[in-house]
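Next, two complexes with chain A in common: one pairs it with chain B, the other with chain C.
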Partner chain A sequence: MELTSRNTVRLLLLPGLAVLLFAFLYPVAATLAAPPDGDPATVARETGALLTDPNLLPVIARTIRVSVLTTLICLVLGFPTAYLISRAPARWSGKLLALAIFPLMLNTVVRTYGWIVVLGGNGVLSTASQALGLGPVQLLYTETAIVLGLVQLFLPLMILSSYSSLSQQDPRLEDAARGLGAGPSRVFRQVVFPLALPGALVGCTLVFAGAVTAFTTPQLLGGSRERILSTLLYSRVNVSLDWPAASAVALVMTVLVLVVAALSGRLSKRGSTTS
Partner chain B sequence: MTPVVQLDGVGHRFGSAANGVAAVSDLDLAVRRGTFTTLLGPSGCGKTTTLRMIAGFIRPTSGRILLEGTDATDTPPERRNIGMVFQSYALFPHMTLTDNVGFGLRARRRPAAEVRKRAGEALELVGLSHAADRKPGELSGGQQQRVALARAVAIEPSVLLLDEPLSNLDARLRVQMRQELLRVQRETGLTAILVTHDQDEALQLSDTMVILNGGRLEQQGDPRTVFPAPANRFVAQFLGYDNFPEVPGFGPVTIRPEHVRLTAAVTGEEAATDSVELAGTVADVTYQGSHCLIGVDTAGGRLNCVHPGDDFRPGEAVRILLPRHRLVELADAHTPAGAR
Partner chain C sequence: MILRRPLLSLLSAIAFVIMLGPVVILLGVAFTAGSTLTFPPEGLSLRWFAAALEYRPFIDSLGTSLVVAVLSTAAALALGIPATLALQRGAVPGKAFIENLFMTPIIVPELVLGLALFQQLMVGFNITALGTLVIGHTVLLLPYTVRVVGASLALADPRLEEAARGLGAGPVRTFFSVTVPVMRPGIISATILAFITSLNNVPLSLLLTGPGVATLPVEMLNYVQSSFDPVVAAVSVVLLALSVAVALLTERLVGFNKVFGR
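And now, the complex of A and B:
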């Protein structure tokens, strides 16, 4: 009986594994083993060049900076929102959650053009600032614009992941903590947040990975001036047609995401052994 | 002596003032220091709402709550010095037992050494010193509830509030834990208020039992006073007085099934002058080993009876003897709201 159910579970894993194998692991392995237009040695050389080229290092630094900032802002904005939704009366929480993930249903291009309208030289923000006598603001084609766009794009992921952890908490835990004399901040720091850490970390990993690999938003809001790895990758493939260099960029991006995923997994495990 | 907890006309309405639902209405209560009070009633009677108002998790919509003689109606729970034990235990799953029990003391910014010492003492009080470094998830339900009790006791609260703490435990453990609860309360000398729907629990633990129905007080007092003399039909029904017969010469009365005596119609014992005699027909017999539960139809309605033998069969004519001193006269004839 036990064996049967375990086998059934394994069978259920198969379709997902098959998709991952053919759509992810195989292309990655193939790219590394026999890159189009080159050989593994060329990719290795290109990777070395990417990691040492003084013109390209800022791109890597900017990618990390933008992604980390996006992740932190999403955490700071998303976690409290998820908390409020999870503690709202049942008839409200469903509607609020739907509202929070509504942006996911909009096309990224449409949403990003919205930001151009807001942030551009003749945009809403600039016009308002001029009306206040503060002069024009040019946020478009800056790192700030990229971060703003990415935060909006990925905030729902943070809210959803945090919510999944928070909604499983026994609300009596907070009552218990308050009854024992803990004020709201202590309740949050010592009970609510530590217990929801796994969900928040999943959210952080998703947002970080999404931010590193996002293309439309940084391309449209950062332009060619504020390149990050994903837009660099695109120009290597489509503009300079330099496939080995593109493979090198892809490799660095993948390693970056894997490192953060591993880090978050470790933190989560440490959280669960103390929990 | 000032009551530790005093409710003055406390009420709570859910929803708007105009068309909300009254969970508790105009409740007065005074709890003396060192006593064990139970709030008893069926689900929805307002007992948990009352406890949560005393704890400060719910604000009364009318009336005042006094703790140690001072008005605490608007004091948040974290400043009330209450020790609360929940039905779901509500232990912090990410902390060891020591850290759970020490939580309230750390919130009071006591020195680490004192926190450790007092958490240790509280765990010892409930017999779990050996598990001090374990997490709640590694314990059984009964052990978890003892940790929750230790955690509430460790802060030396002015009142211990217990919200159906035993109802998640199996029957045998529940009886054991009652003893444990009573022992801890006596040893610490704490004032305790316990919410329960279990009359046995209330009878065993209470110095004062408070019976609630539909958010209103039905009767309160020492169990030895309340149990033999329920004030009205609701209380009687709740305490297991199953019979509300019409007895010639009496107003509304009730009698416990174990006090109804059955005897054969023809050859049975003589009616004593201290009993009221009725005639009836056996309607059903439920065999229970040591006794039978027998339903008898009479002119004044159905009577349920706990009979020591198995010598009656359905359809048989019987005489029913109701000892006069066991007949309890009730204040009301009507069935109060919520009793059905």
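And now, the complex of A and C:
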């Protein structure tokens, strides 16, 4: 069906665009530029204060550190998982993939809550370490806890993105490399990984952007002791009721995500032209 | 495979333990007879399931969550399907730009969108919390419906429709007997994906609460932050069971990996 009439096309697109404008573009722009009790100058001043406040800089640094670590760990654990799934016999690979994706159906509270039982003062980990004579460990409300929780949350995304690249690879390439005398680890490093890089890169972007903006997991596992930008934003809105300051945090967070998305867009474009 | 690739198998085993371990532990905690969050459980009982059923905010918020999920999924389909039809089958000036525009709600942090809707729609225009929730979730789901239905349209050859017209079918008949069947798997996938996404959302719904209005995940988060008993573990197990049921249904309808693997 070729939609030839311009009016039909307009009629089909208009409702969606109108809702985007009214319920997305306008409110986000208004809130980032000038919240109800402020103006662009106030937000600019607050953003300047945020970026120079010695108490808040660590929050930005922690957000980036936690997100980078989460991305790296997801890559190291997720890519091999995707590789094994893509090379497993057909009746296994579908089931394993479904098992890896299944957590995406559960809400974040359900997925994160278990860590409280594992990492808490009387938790599984602490009990085990005491039984071994190592004394109690309290990992809850630390950066490590946040990273663990985020890795759990975003591993499925890394596995999926890597899998989509890996499953399109011709397995005969590996056979050829092996036939030419390369060992299994060399085949993995020099053939499999470079060819699947676009998928892994998409995975890294998704994980990083998700980690920067995640709220529930850092709120539950980091609490008020280990704030990152998203939990800081929430406390600015809900506890201190400081809207211009909240807008400043929102602005920094949004810019951070947009920069990463743009960077990765350029990287993958360059990758596709050179290879 | 495991013997040939010991390092990769180990990394992959760690990945599965991290992904699923905490959820499995939650299963154990939910059936405890004790009153603390400990694993292994201290004796078995169903008392925390009974406690969850008696806690009004959970029941009320489940109702809110379902209403929001149904309305926003329907709205996102009603807005997204026509838009994606126009983009895939019509001559749209600035097509790439408009396509990207429909994807932007995914990029902006949900917490920021929630704050914006709270300030501009709830406070600014006096829209109720429930109304703002439905509007916000619709915007959040729109990229999914546009992309998923669009993917099934892009896969189908437009010449199918031309052939139907050439054989004498009118535009309405062509639409209902060729285009709609082509879109059907995409529409089913988009519906399931959108419904689950809405039902699970926390960051967007977090600030959009009013007297007696909050979604279930937000009530669960609030409860977990103020008390340390296993009630939420019991609720989680119920949600887990429902998710397994939906996953099996999805597998029968369109294929689980096809829907959630995009």
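Side notes on the structure shown:
Quick note on the criterion: the second predicted complex is superposed on the first by the 246 of 275 C-alpha atoms of A that agree within 3 Å, B and C clash if a C-alpha of one lies under 4 Å from a C-alpha of the other, contacts with A are read in each partner's own complex, and residues count from 1 in each chain.
Throughout what follows, a contact is a pair of C-beta atoms (placed from the backbone, for glycine too) under 8 Å apart; a residue touches a chain by one contact, two chains touch by 3 or more.
What you are looking at is a predicted structure, and each value in this text was computed from that prediction instead of being measured.
In the superposed model, A:Tyr83 lies in contact with chain C only, and not with chain B.
By the document's definition of touching, neither partner reaches A:Ala44: not chain B, not chain C. In the superposed model, A:Ile64 lies in contact with neither chain B nor chain C.
When the two complexes are overlaid on their common chain A, residue A:Leu20 makes contact with chain C while staying clear of chain B.
Residue contacts after overlaying the shared chain place A:Leu195 against chain B, while chain C stays out of touching range. Contact with chain B, but none with chain C, is seen for A:Asp170 once the two complexes are overlaid on the shared chain. Contact comparison for chain A: of chain B and chain C, C touches the greater number of residues.
By the touch criterion defined above, A:Gly181 reaches chain B but does not reach chain C.
By the touch criterion defined above, A:Thr112 reaches chain C but does not reach chain B. Considering their complex, residues 55-57, 76-84, 86, 88, 90-94, 103-104, 107-108, 135, 148, 151-152, 155, 161 of chain B touch chain A. Residues of chain A that touch chain C in their complex: 1-4, 6, 8-9, 11-13, 15-17, 19-20, 23-28, 30-32, 35-36, 76-78, 80-81, 83-84, 87-88, 94, 97-118, 120, 122-124, 148, 151-152, 155-156, 159-160, 163-164, 184, 188, 209, 212-216, 219-220, 230, 233-234, 237-238, 243, 246-247, 250, 253-254, 257-258, 261. In the complex of the two chains, the chain C residues touching chain A come out as 1, 4-5, 7-9, 11-12, 14-16, 18-26, 29, 36-39, 78-80, 82-83, 85-87, 89-92, 98, 101-102, 104-105, 107-113, 115-121, 123-124, 135-136, 138-139, 142, 146, 158, 161-162, 165, 171, 174-175, 178-179, 196, 199-203, 206-207, 216-217, 220-221, 224-225, 232-233, 236, 239-240, 243, 246-247, 251, 256-257, 260-262.
Considering their complex, residues 170, 172-173, 175-183, 186, 190-191, 194-195, 271, 274-275 of chain A touch chain B.
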